[in-house]
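What follows is a group of structures, each given as structure tokens.
Look for chain A in each of the two complexes below; its partner is chain B in the first and chain C in the second.
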Partner chain A sequence: MANHTHVQNPKVDVQYRRKKNAEEMKHQIISFTLMIFLTLIAFFAVGYEGFSAWFAVPFILLLAVVQVIFQLYYFMHMSHKGHELPALFLYGGVVVAFVTVWAFLTIVWI
Partner chain B sequence: MSTLARKKGVGAVIWDYLTTVDHKKIAILYLIAGGIFFLLGGLEAMIIRIQLAVPNNDFISAGFYNEVLTMHGTTMIFLAAMPLVFAMMNAVVPIQIGARDVAFPFLNSLGFWLFFFGGVFLNLSWFLGGAPDAGWTSYASLSLASPTHGIDFYVLGLQISGLGTLIGGINFLVTIINMRAPGMTYMRMPMFTWATFVTSALILFAFPPLTVGLIFMMMDRLFGGNFFDPALGGNTIIWEHLFWIFGHPEVYILVLPAFGIFSEIFATFSRKRLFGYSSMVFATVLIGFLGFMVWAHHMFTVGMGPIANAIFAVATMAIAVPTGIKIFNWLFTMWGGSIRFTTPMMYAVAFIPSFVIGGVTGVMNATAAADYQYHDSYFVVAHFHYVIVGGVVFALLAGAHYWWPKMFGKMLDEKLGKVTFWLFFIGFHLTFFIQHFLGLMGMPRRVFTFLPGQGFETGNMISTIGAFFMAAGTIVLLANVVITTVKGKRVGNDPWEDGRTLEWAVSSPAPEYNFAQTPLVRGLDAYWIEKMEGKKGLTPAEPLGDIHMPNPSILPFVISLGLFVAAFGFLFHQDHAWGTPVGIVGLLITLGAMFFRSIIDDHGFHIHKEEIMEAEKKGAGA
Partner chain C sequence: MHVEEKLTAETFPAEPEKATLEGKNKFLGFWFFLGGETVLFASLFATYLALKDSVAGGPSAKELFQMPIVFLATMLLLTSSLTSVYAMHHMRNFDFKKMQLWLGITVLLGAGFLALEIYEFTEYVHEGFKFSTSAFSSAFYTLVGTHGGHVAFGLLWIITLMVRNAKRGLNLYNAPKFYVASLYWHFIDVVWVFIFTVVYLMGMVG
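Then we have the complex of A and B:
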């Protein structure tokens, strides 16, 4: 089926694949550096006394979301082809969970 | 080793079924286990109806009534309807998509055994101090106050069998995504496969909330937690939310496969392509999605406030739209078709008005203001039996008749099948239609008796008579199964003669490897297309070759047995000194079996080309 794109003959397009891999490696290193940088900012945001909790908590949550996206797309290969369905189910789960929590926070709250 | 064409003794057959990873045999296991639990749940229903036949009855005591009522609901939903749905999925879906098995045969077997041991564990409560008695919803304020171990059996039993269901659901998702034959695009999948796909996605998202709720309940009941006890700072409503965040999708988990089964039957016996196939797919997905947005309509009277009630009421009514699309599509499928009233088709035709009644009362219940009147009355009982029996049970009976030849190679007797249908159909409406009015007159649900002179006598008597009709129908069905098994004639590939989908292109029952050559699918209703072009078989997509098969394994049975033992230990750990050690031993059995699964290299085996050719020759002559 279409999902078997990774089962290829290793001898085909060695040159092209090497270039691709190098490019991917570059992306991974960039995102890894960014992730460490974001983590440092998060520590700073919590540690710096000029920021109140009302700023720091949503801010580090936002950074966390960015990190999850980096993780999924650059390290777990969701940016590659053939990952449409995992993405669909991931986002489906996110939507369902979000709507449920949102309903609790806005209209139900126990 | 290959089990092709070999005669075996009883012991070997039992061992074969204990270790099997073949989806067709697992389907039979699900059918038998689910069927037994269905009979058990039916027996409990009969006890309820006998108790309520006349006012002030003392056939059973009030406490025992609570146990019977709780176990009737729990058994029917979790241990009868769910596994019977899984029986149909296992029997048909891999063949419908042109696959040789599910994606994870080992997990398939594990899913079954977890369900089975969970169900057995739950039912052992009858003999070990009393069954659960807080209703199938087991609301925390009732269940925390329950003095026996019944609720603990409920919590641990459902946890184990729920794990099995989750595993089964994930397995079918992966199977349908990855194992479709060449040419089987998403929009060429049979409707039952689509229903299975959406159902599996619902299982994936709906069962975790139940797991969490059950863990909370287990902590509260067995390990000194206080999630639900308001006196200790907990909140009893949390259970209700968690239960219904699971529980509402659960009813779609049951009814979507039912819709799928009927879609197949309507198309086959109207000799027409399913009307509005793409809108059917769209409606199925939409129902699945909306199913997560409406859980609080079970809780209108909890006191969530008018805004929450109004929003959930409107969301609930929205589900009637895609359901309506489906109803009209089925009607238009029949319109102009050349209809054959076989037993499955009779269930399908009877399903439409029955389910519409259940849907209409559903919209009535969804009207939050009116629901304050209906809540906890027999009106609600009538409503959910109309959707569950009129939808799911009819579908399971129809599916059993429809696919029986594919599962066992013999046709169920049509005459007896029709007798079953009429007894069940008449009995069903006799039992539950009158309950709408009993509810509107004020008869509360879940109460063990009623007083004379309140106008409930006639209605309850009629309802009980109806229940006996359904019991008679079930007995005829059992007789039919026995007679067919003993005397039935072997049938060919396509015993209904109008089969449209791939499962009718292989022998009945299908060979171990399903397809000697993976078929090439050239459109919706792949087998019908080939037939219309005058071909006898499917167009192959690969040359004939050796087929790789997974080895059978006893490990799924052992893993599940370990959890069963562990559950016993932890259930009694406060009463007996042996509780905790037994629990730990059980967990060690499970983890040990999982360890062996990890370190043993199991490469499976091959069925060789010559064996396949021989088997195919025999299959063609059968």
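Then we have the complex of A and C:
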């Protein structure tokens, strides 16, 4: 705890950190609102008869990707420092995921 | 530094989940595990996408899926992701009671999601859509069921943490545990975003 007990006035430090935390929580609520909004658009795009499948499918997939980016970078804090290795692990998984889906879609014809 | 030291709001570090070596290792190890989970779900998604039209005379996605129940389940799980963010916010502020409260709300929302899924699956079985009905049904139940299993496991995990640490309060021993459990919960939500899009919404489009 050396780093923290040596702060001359710990109360000031606490107040500063609380303020920072509160600010971050504000960003979290904004990203949550956007995520809900994207979900509503996706459900609407499918429920609305006017869109063809050719438009609706790529469109809702794009919305899903955007929503997941919010989830990873804000809710799971990947936008913070010290997330280089987590990003490597996750994107490694994503690359394998893409190749797997691609392989199955091209190799299975039944 | 010993991890069970009684801390105060002043001495509690800004990133309690990474203040100890054990916490740092848990954090990295858990992200590595999430990379593996991504691959696991990728193989299930790939199987589903390859077999989704092989209905073998059984019900198709378009005949089965109902928008209201999927929408409700999605809202429950998305909201539970935000409530666990609130829990971690209070953890960083060293407010144990509020953290427990928000974790409790997360558990309730997750349980609601799971109940909806169980109801949905029993309805499908009554309509003659069983695990062995078609390649589509097997792929569907395996993918969505594995996700549901993750939700159930996540619920048990969070409840166990809450009960085990109820009297201990927050310290550097359990902060990484709570943090990692919340990462798991968000990851479950990430997978669900793709399930409701790829399985349900794309299924309803046809």
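Going forward, the second predicted complex is superposed on the first by the 86 of 110 C-alpha atoms of A that agree within 3 Å, B and C clash if a C-alpha of one lies under 4 Å from a C-alpha of the other, contacts with A are read in each partner's own complex, and residues count from 1 in each chain.
Here, a residue touches a chain if its C-beta (ideal position, glycine included) is under 8 Å from a C-beta of that chain, and two chains touch if they have at least 3 such contacts.
The shown structure was predicted, so the numbers you read here are calculated from the model rather than taken from an experiment.
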Q) Does the superposition put A:85 against chain B (first), chain C (second), both, or neither? A) both
Q) Taking the superposition as given, does A:108 touch the first partner, chain B, the second, chain C, both, or neither? A) both
Q | More chain A residues in contact [chain B versus chain C] | A | C
Q. Taking the superposition as given, does A:58 touch the first partner, chain B, the second, chain C, both, or neither?
A. neither
Q | Contact residues of chain A, present in both the chain B and the chain C interface | A | 1, 3, 85, 89, 92-93, 96, 100, 103-104, 107-108, 110
Q. Which residues of chain A touch chain C in their complex?
A. 1-5, 10-11, 13-14, 17-18, 21, 24-25, 28-29, 32, 35-36, 39, 42-43, 46-47, 53, 56-57, 60-61, 63-64, 67-68, 71-72, 75-76, 82, 85-86, 89-90, 92-94, 96-98, 100-101, 103-105, 107-108, 110
Q | For the chain C and chain A complex, residues of the former touching the latter | A | 1, 5, 7, 9-14, 18, 27-28, 31-32, 34-39, 41-43, 45-47, 49-51, 54, 67, 71, 74-75, 78, 81-82, 85-86, 89, 92-93, 135, 183, 186-187, 189-190, 193-194, 196-198, 201-202, 204-206
Q) So in the complex, which bits of chain A are touching chain B? A) 1, 3, 85, 89, 92-93, 96, 99-100, 103-104, 107-108, 110
Q.
Going by the contact rule set out above, which residues of chain B touch chain A in the complex?
A. 173, 177-180, 182, 201, 204-205, 235, 237-238, 241, 245, 292-293, 296, 304-305, 307-308, 311
